[in-house]
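Look at the two complexes coming up: chain A is in both, with chain B in one and chain C in the other.
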Partner chain A sequence: MRPRQKLSAFGTLMRRFSPILTLPIVGCAGIQSTLEPAGEEARLVAILLWVMTGAGAVIWLGVVALLLYATGRRRKVHGERESARLILWGGAVFPAVALVLLLAYALWLMPGLRPFVQPADDAMRIEVTGKQFWWDVIYHLPEGGSVASANEIRLPVGERVELELKSSDVIHSFWIPALGGKMDMIPGRTNRLSLLAIKPGIFRAPCAEYCGTSHALMAFSAVAMEPDGFRQWLTERTQPSATVAEAGSALFLRHGCGACHTVAGTGAAGKVGPDLSHVGSRETIGAGILANTEENIARFIAEPDRIKPNSHMPPFDMLPEDDIRAIAAWLKGLQ
Partner chain B sequence: MVIRIKPKHLITGLAALPFAAVLFAWSGIFDVSASSGHWKITEWFLHFAMRSSVRTHALAVKAPDELPRHALKPAAGHFARGCAICHGAPGEPRSPAALRILPPPPDLAGIVDEWTDPQLFQIVKHGVKYTGMPAWPTQERDDEVWAMVAFLRELPGLDAERYRELAYGDAEPALGRAYGFEEALAECSRCHGRDGQAGGESVPVLAGQSETYLLASLSAYLEGSRPSGIMEIPARAVEPEFLPELARHFAAQPRIVPARTEDDSALHRRGETIARNGISQTRVPACLECHGRTERNPLYPNIAGQHENYIAGQLELFRDGMRGGTRYNHLMRNAAKNLTDGDIEALAAYFSRLQAPPENETP
Partner chain C sequence: MRIIPRQVETFWTLFTGPIVWALHFLLCYVGAAIFCAKPDMFGVSFEAVRMAIAGITVVALAAIAFSAFLAWRQWGFGSDDPPHDDPTRRDRILFQGFATLLLSGLSFIAVIYVALPVLFVSECLR
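Then we have the complex of A and B:
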């Protein structure tokens, strides 16, 4: 009777704590989730997860059943020959076959082994460079030319894109949980990653390798768009923003922001900080940490060191407050 | 009767000694007047202690490969303002008042050879206790102290005429407080020249500088937010009401950048590239975006045509985090943080040959 008593105690425990046990899984839902895949790579990984979990559960149940059977009260003891056969099939053949199958499936999912990930010659190439603590993004257009952006990556749904991953300072790691990855960005190397978005949406992508004080404040938004919308968006980005000539631009230049930042159409061509040509249209500012509002832009100009400790932008809180507001309004207007 | 000294008497005597010393000091019998001089043995011992201390502490001082002889001019100006009053100068013997200081300040021309460069540095930077020799006004500008050491090395060979030329330039020698504008201007022009075109390689050209920047920098010297042993003294000697006028005076002078050849050297071209584009790998911003625009923030100085050594020296100070300044100076410390010696040399070569960009003062 002892095993049965133990089982019922375990069952009570499970019933009581199951809500808590499911919490970690609930936490994975949403814009930064591998369990709600929106990309081909993430979908395959999610399937792998479920297959592995399912197979693992079946095996675990089998083992537990055998354990219960073995500890149960029996009149008849198995013969030596029977036992040997059980050990051979249950202990060697079955695990070997099951593990080989699972391993083969997992290996087959590895991007480097699959033939279909080789992008077509005319595929969109996106160069992403990790920097402390933001992302430099360059779209290399198939027809030639390029579009610079930062801290946001847009992809067409249903079209494979090739990502060239680099770093200019320390090791970062590129990961869009909902679409696929991750892959390290290593100084002096170009790593290639191929992604195929299968569902439109906006996803969050955190830096996945500790890279310094503000590592946890380094993320970007990945936006999967319908191909037509994406083409139109990209074409718009080849031109300066329509509002680029407005009053704020003079202040932006006057205070020397162009020494580090580029804004197409103003002559500011700095290469130290993020390209701000169309910054107003991005999902976030400060590399995935603040909502893109005028107020937050003004805050970031004044005290980037507080919002993002050890970031390389110096604080500009000594500028006249009106100037900060005007520059923030102008930047927000750069759609 | 025989008095036997037991250990207990000895201990009691030792314990009473501090009280006896305090009692003696309190009584006022001891004569601290300078007129009474020292006993020979006291004088010998004090000098012995001082020389030994300087010798030992100077062991930790690392001298530069070469003394900054290009900075003789500001060092001479500072010598005239701060040191000559006690130590005298070529053509200016020590005053009888100074000679009654105890110990009397030495005539430096005769004794600098007794010290090594690091030892002179140690004395000039830190001063000497109990002698009246003050420390350098700021402890953050070793470059200025080395300039003074370079000047002290020149001192034995200076005649009165050459000394006057170095120390006073085209201005009258003046000591004390500048009560009028002309005296205030003389405070500046001793080193910078009346026209602000400077008189040495490590003195900045003030002519054609932004008025707002000049005033903010003078205030920074005055408030101590731009540490400089040399500049803090004249900035404080001038009546504050004259500071805006001085800024206006120098801003109004035309900046003349002498046309120089060899503009096409590789160094100059590298400097131009950095100034125009910055260095993205090491996060060096493009200098000209702040310093080269016509419509720029007037607190961003005009650095075109400054002396090569001055630009290099300032960039090194910024890089080492020692350069203070206006409320904007952290921008430059950030910008210069990753400059290499080669970058600095190239930038100095480029900006010293750059013709001044047009001035702008629109608010």
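Then we have the complex of A and C:
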């Protein structure tokens, strides 16, 4: 009877704690996961993780088996020479060789994780500048010219993209878990990272270096698109939004929003805050924290300090509510 | 003049292996870091840096192997089994020889680990 009782006690324990045990695993799925790679770099790192975990598990099982054997009751006494040989092979030679193999494998991956080659002249460069608490994004087109955006990075699947990472205030860190990274963004310095998306999708990319009060509220969406769709999207972004002349633009300008924000096709050319030329088509509002809806845009205009503490945008809740709604509707229309 | 130095009884020989490892480590890492920060100062390619690291690695391994041989000799070529824990001069010398031999083995592996990256990394990060 005893073994069965033990088993059921274990079962009760498992039943009670399994929700807690599965929690970390649930966190591994989805849009912000290194374990569901959609980029070449992330794929290599995920394989590295599994190889290291597997090898570690095998070694751990071996050590535990030896431990159980050594503490077993029916112990066979081994001779001194035999024991010394076990210590030499199992305690010195095996660890040294196993570590050489694992280290060599990890080192072998390195050139692929941080491609060292100079970018081709016709490669597209994306300049990303970390700011408290958002991301300034500029696509430098190979044929000249550039497209400004913010808090969203789009990449073509199957084409290597060069990223120039900068910061204008404090240290931030650029990381798209599903695609690759991370790489610090350091004031006064340009760090380069290249990424190759291998699967289309929308991924979340959090700032990975504490950068101030709203650090945890600083993220962007990375959208990997089919190359044709990407090119079309980018070409559309070289022109002002079709609805830019609609009613909200006058309110936007009259209330001074243009002092900080740029909207192509209007007089607004401020450089302090995110470029809003096509803000309506972005995945999120407020750098990865709110769904992009008219209500959320209106909320952000009225109380950015509550949604995003210590952000540099002052609250505009003194504006008439109708004006806020009209501006929000116009911004959402900037596709 | 003898090629192999005569046996000396000093505590300092114990550290030969680790000191060679430390010097090799500094040469490799500081050298590669300076080269990658100021490549124009040297006027050579990264290939030359790799060859230089290969060269000093061979020298370091040879030095450690030699120190291991001296330690092996001090240990009486394994004439007695450890632990050498009797309060006698002979046991003290054997103990030190054995400890030096083990440290030399550790340093030998560590030097290989330190040099391993240049086998795979063929350029400075841009």
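Methods note: the second predicted complex is superposed on the first by the 301 of 335 C-alpha atoms of A that agree within 3 Å, B and C clash if a C-alpha of one lies under 4 Å from a C-alpha of the other, contacts with A are read in each partner's own complex, and residues count from 1 in each chain.
The definition used in the following text is that contacts are C-beta pairs under 8 Å (C-beta built on N, C-alpha and C of every residue); 3 or more make two chains touch, one makes a residue touch a chain.
None of the values given here were measured: they were computed from a predicted structure.
Undergrad: Does the superposition put A:268 against chain B (first), chain C (second), both, or neither?
TA: Once the two structures are laid over each other on A, A:268 reaches chain B alone.
Undergrad: Is A:66 touching anything from chain B or chain C once the two structures are fitted on A? First, second, both or neither.
TA: Neither partner.
Undergrad: Could you look at A:80 and tell me whether it touches chain B, chain C, both or neither (first, second, both, neither)?
TA: After superposing on A, A:80 lies in contact with chain C but is clear of chain B.
Undergrad: Counting only touches as set out at the top, which of chain B and chain C does A:92 meet: first, second, both, neither?
TA: second
Undergrad: Of the partners chain B and chain C, which touch A:192 in the superposed model: first, second, both, neither?
TA: second
Undergrad: Let me test your reading of the model: by the given contact rule, A:58 touches which partner, first (chain B), second (chain C), both or neither?
TA: The answer is neither, since A:58 touches no partner chain.
Undergrad: Regarding the shared-chain residue A:100, is it in contact with chain B (first), chain C (second), both, or neither?
TA: It touches chain C, and chain B stays clear.
Undergrad: Could you say whether A:110 touches chain B, chain C, both of them, or neither, answering first, second, both or neither?
TA: It touches chain C, and chain B stays clear.
Undergrad: What residues of chain A sit close enough to touch chain B in their complex?
TA: Interface residues on chain A, with respect to chain B: 168, 250, 253-260, 268-272, 312, 314-315, 318.
Undergrad: If you look only at chain B, which of its residues touch chain A in the complex?
TA: 277-278, 280-281, 283-287, 289-290, 293, 295-297, 300, 327-328, 330-331, 334-335
Undergrad: Can you list the chain C residues touching chain A in their complex?
TA: 81, 105, 109, 112-113, 116-117, 119-126
Undergrad: Taking the complex as given, what residues does chain A use to touch chain C?
TA: Interface residues on the chain A side: 80, 84, 92, 96, 99-100, 103-104, 107-108, 110-111, 114, 116-118, 192.
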